[in-house]
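Pasting in a structure now, in structure tokens, and then I'll have a few things to ask.
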């Protein structure tokens, strides 16, 4: 069970790592763990909308897609132009001695390849989590998200993903509870 | 799709809510969203260790078990002695107009009832997430977790849960990466 | 004196509790203790403007009006639609064994009933403290306060309260020190 | 009423000013407004224990004793060895055009002179607010308060103040709610 | 070497001191140490643009110009109207027993006198560091910098300084990395 | 001058990047800019102790040694086992179009090669900045620095550097101002 405890402490550090994109955006703040929660929650919602999708696979992929950041850090678009991360070796060290390590590796590989339906939807969930943040910041009055948002929306590829993106853009950040008063 | 956007903005607010237990503990800090990530990740790990468990049900329960806190706030043990929350009505408002609302309600109800194997394991995941935090804080040198930890460990009920709890208590917070150097 | 020390540590925790309304507003940040300071300061100012008011009663009410939040947490407008707090029992536990406990309970009861002139002014001080924050955030350029401010102003009931609200809305957040240079 | 609004925005900035002593202590964090809340609350408690004291005067003095820090900043013991602040002129600018400005000045002058019974008790409330913080930090496991606490206790001069100081030192930070379970 | 260690711990506390101007501005946040880094970096850049300047003198002056704030605190424009700081005595205590103390004092005196070419450029670096922050905040959408920026620009006196100020005002905060994509 | 403004905004982002080592340490917090200030200040102090050293070269190297982190992020010891950063290309993009770009590149190359006396001292300044932080955290009562500090001290190579390291370890974090009272 030693390896299980190691894995949990490793995943725990995602709470301490701030997403580095916000440093460049100039506003907003989110830990990698918070981003993973959002992505996984969106993955769950998508699994409810899509018939015939392997929900467990989709949700699990969302949950662990950023686990390698515990060893690699959170690299944003600028960083990635200069930095090459050996995610595969990082993952090998993560799962060393872990009975179900192979499952974990397979899931992340499937996500990174991005070919399966579930992987495509998980990638969209990842982008939708950012769109949600950017829309929220725009509603508050910040300018920088205006020049990012179109690029992020363009990265959403599935039909369901694009429908959700459009709905988010058409909805105010506080409509969900303001409607209580009507 | 309007309802989907509402639901995503509602879940998003879990990132803004700090877990109130830490105010009483005196150290540590975690958003509800970060706690949900930890719980779900532990749920995933448990699903890999337990044969015959419905992994999708277990993981989904972990993911959404604190969703009602968006409308109710994060109530700690002291608060709960004075406050009664109508979680059911909160949930009704959350899922209003949502095609898959019934699934969401069923999952949270199953979690709250705590009878199914998956619900029992999800409850343990919830407690293990806190044990992980307390052990981490103890390793750093803080005293208050010492008088909490036994109570929290006692709340872990399943055999797998208790094995993980013991492993966490026997492991230093930084062993996972310190072993790299050996 | 043990009970005195307990009471002081209890009131101290108001510094650790963030006002939950700002989580929904999307901007701003304030501990309950900071809000109590603002409310009490405004109560003092009102006591200077109102002849014939019991200043000690008014100021004391402002000071302790949120003391029950130590045991109950800070519930915002959304929370209150789902949560019922037994403030009376919380207060009983707070003052247990306290020689002047009855005075404390009477003050909070008077505040909650909101009938006496002093209670009405204390309630206005509570709202004015929020108006001051919202106006400040509006001057900085944030949008969300625009859709809240009218509702909060409407909750101010006394003539003196409404005069102050108007003056705050007509004043820029930094006029108090910018006028130094003229 | 313009002057009232100016005064409220001026007092509001005490929420933004961190108490500079904690920078030297190495742990802890408190805004001046939070300190003023603590001091005033302790002043209220003292007013309940002391017969024959002018409670309104005592509480009001506690409430506004740090108002000049809005224009002067929060100077700690080290700063004060090198910095001379013209608090009187700062106060003149604060109350300029204010109908009740004289009352405000008189209160702060009485506090600074420290001769009246109420002023002596207000000074003790100021120190007790710090003792409460230091004891809390000691219970958590921090070392630096150990070398400060004796000096601060020595600054408490009244009999009631010294009784409260002793009670705080004999009480654990979480006894107030831990006793709930017995 | 004891004195060296004292000096390093003293300079280290500049990381804990927030620049107090931002409390009045209402947005932004910077430690004194961060400001010193910016100022020194700008000093380095100026030393590359100005022929015949003593670069070591200029850069060193930028680096240590706020060292006295360790003992005095960070006083903003409002504070300075009421507070007189004996910077010279503070500096005497800082360099007491320090072999190279005289050099340190001379540098800060030269900076404060502001007569040498290097001192004038260091003063401009100090202002440019603030202009950079204000322009950044304006690009994000905050209003308060709009009413400060002209005053700060006016404080820049050298030709090189004014050229840089103009370039900063004509450049968007994120142009430096956005141009990567072209 | 456009390139100058770009460079300043690029260096400015070092204030937004937290040093990632503290995420693994579990305590402490520092921006890259704050670390650069400390390193440069220590470089200045070393330049005063070492005769015959090129002070300008030493100090400038300390100042800019982490500039590439603006494009690459702050990689800690664990990250570096998996990540390869093309610092040279990052630097090329930083200095593109910059008249004095060659000087900047040469300085960072000299630092990275670590052969010149100035480069060796700059590396020691970099480590001493961390030793200072760790010693400070140890004095406060945190445990994790105990298992890091020896490794960091071992990385200090020059005689002057080792003398300073020893002095820091023999000095309490608050001695510099506590001695005021003797």
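Letters A, B, C, D, E and F name the chains as they come in the text, with residue numbers starting at 1 for each one.
To be clear about the criterion, a contact is a pair of C-beta atoms (placed from the backbone, for glycine too) under 8 Å apart; a residue touches a chain by one contact, two chains touch by 3 or more.
A quick note: this is a predicted structure, and the numbers were derived from the prediction, not measured.
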Can you list every chain that touches chain C and also touches chain F? A, B, D, E
Determine the shortest chain-contact distance, in steps, between chain D and chain E. 1
Chain C and chain B are one sequence twice: same or different residues at the contact, by the over-half rule? same
After a C-alpha superposition of chain C on chain D, what does the rotation angle come to, in degrees rounded to the nearest 5? 180
Going by C-alpha centroids, which chain is farthest from chain F? Tell me that one. C
Whole-Å separation of chain centres (CA-atom averages), chain A against chain C: 39
Expressed in whole Å, how far the mean CA point of chain A lies from that of chain F is 33
Averaged-CA centre spacing for the pair chain D and chain A, given as whole angstrom: 46
Listed in rising order, chain C residues that touch 2 or more other chains are 24, 71, 78, 81, 136, 141, 173-174, 177, 180
Take each protein chain as a node, join two nodes whenever their chains touch, and name the resulting shape: line, ring, star, complete or other. other
Identify every two-chain combination in which the chains touch. A-B, A-C, A-E, A-F, B-C, B-D, B-F, C-D, C-E, D-E, D-F, E-F
As the complex stands, chain B meets chain C at residues 13, 16-18, 20, 23-24, 71-76, 78-79, 81-87, 89-90
Sort out for me which residues of chain E touch chain C in the complex. 24, 26-27, 78, 81, 141-144, 147
Show which residues of chain C lie in contact with chain D when the two form their complex. 1-2, 4-12, 14-15, 30-31, 33-34, 36-38, 40-42, 44-45, 48-49, 55-56, 59-60, 63-64, 71, 93, 99-100, 103, 128, 132-133, 136, 163-164, 166-168, 170-171, 173-177, 179-180
Chain C touches which residues of chain A in the complex? 136, 139-141, 173-174, 177, 180
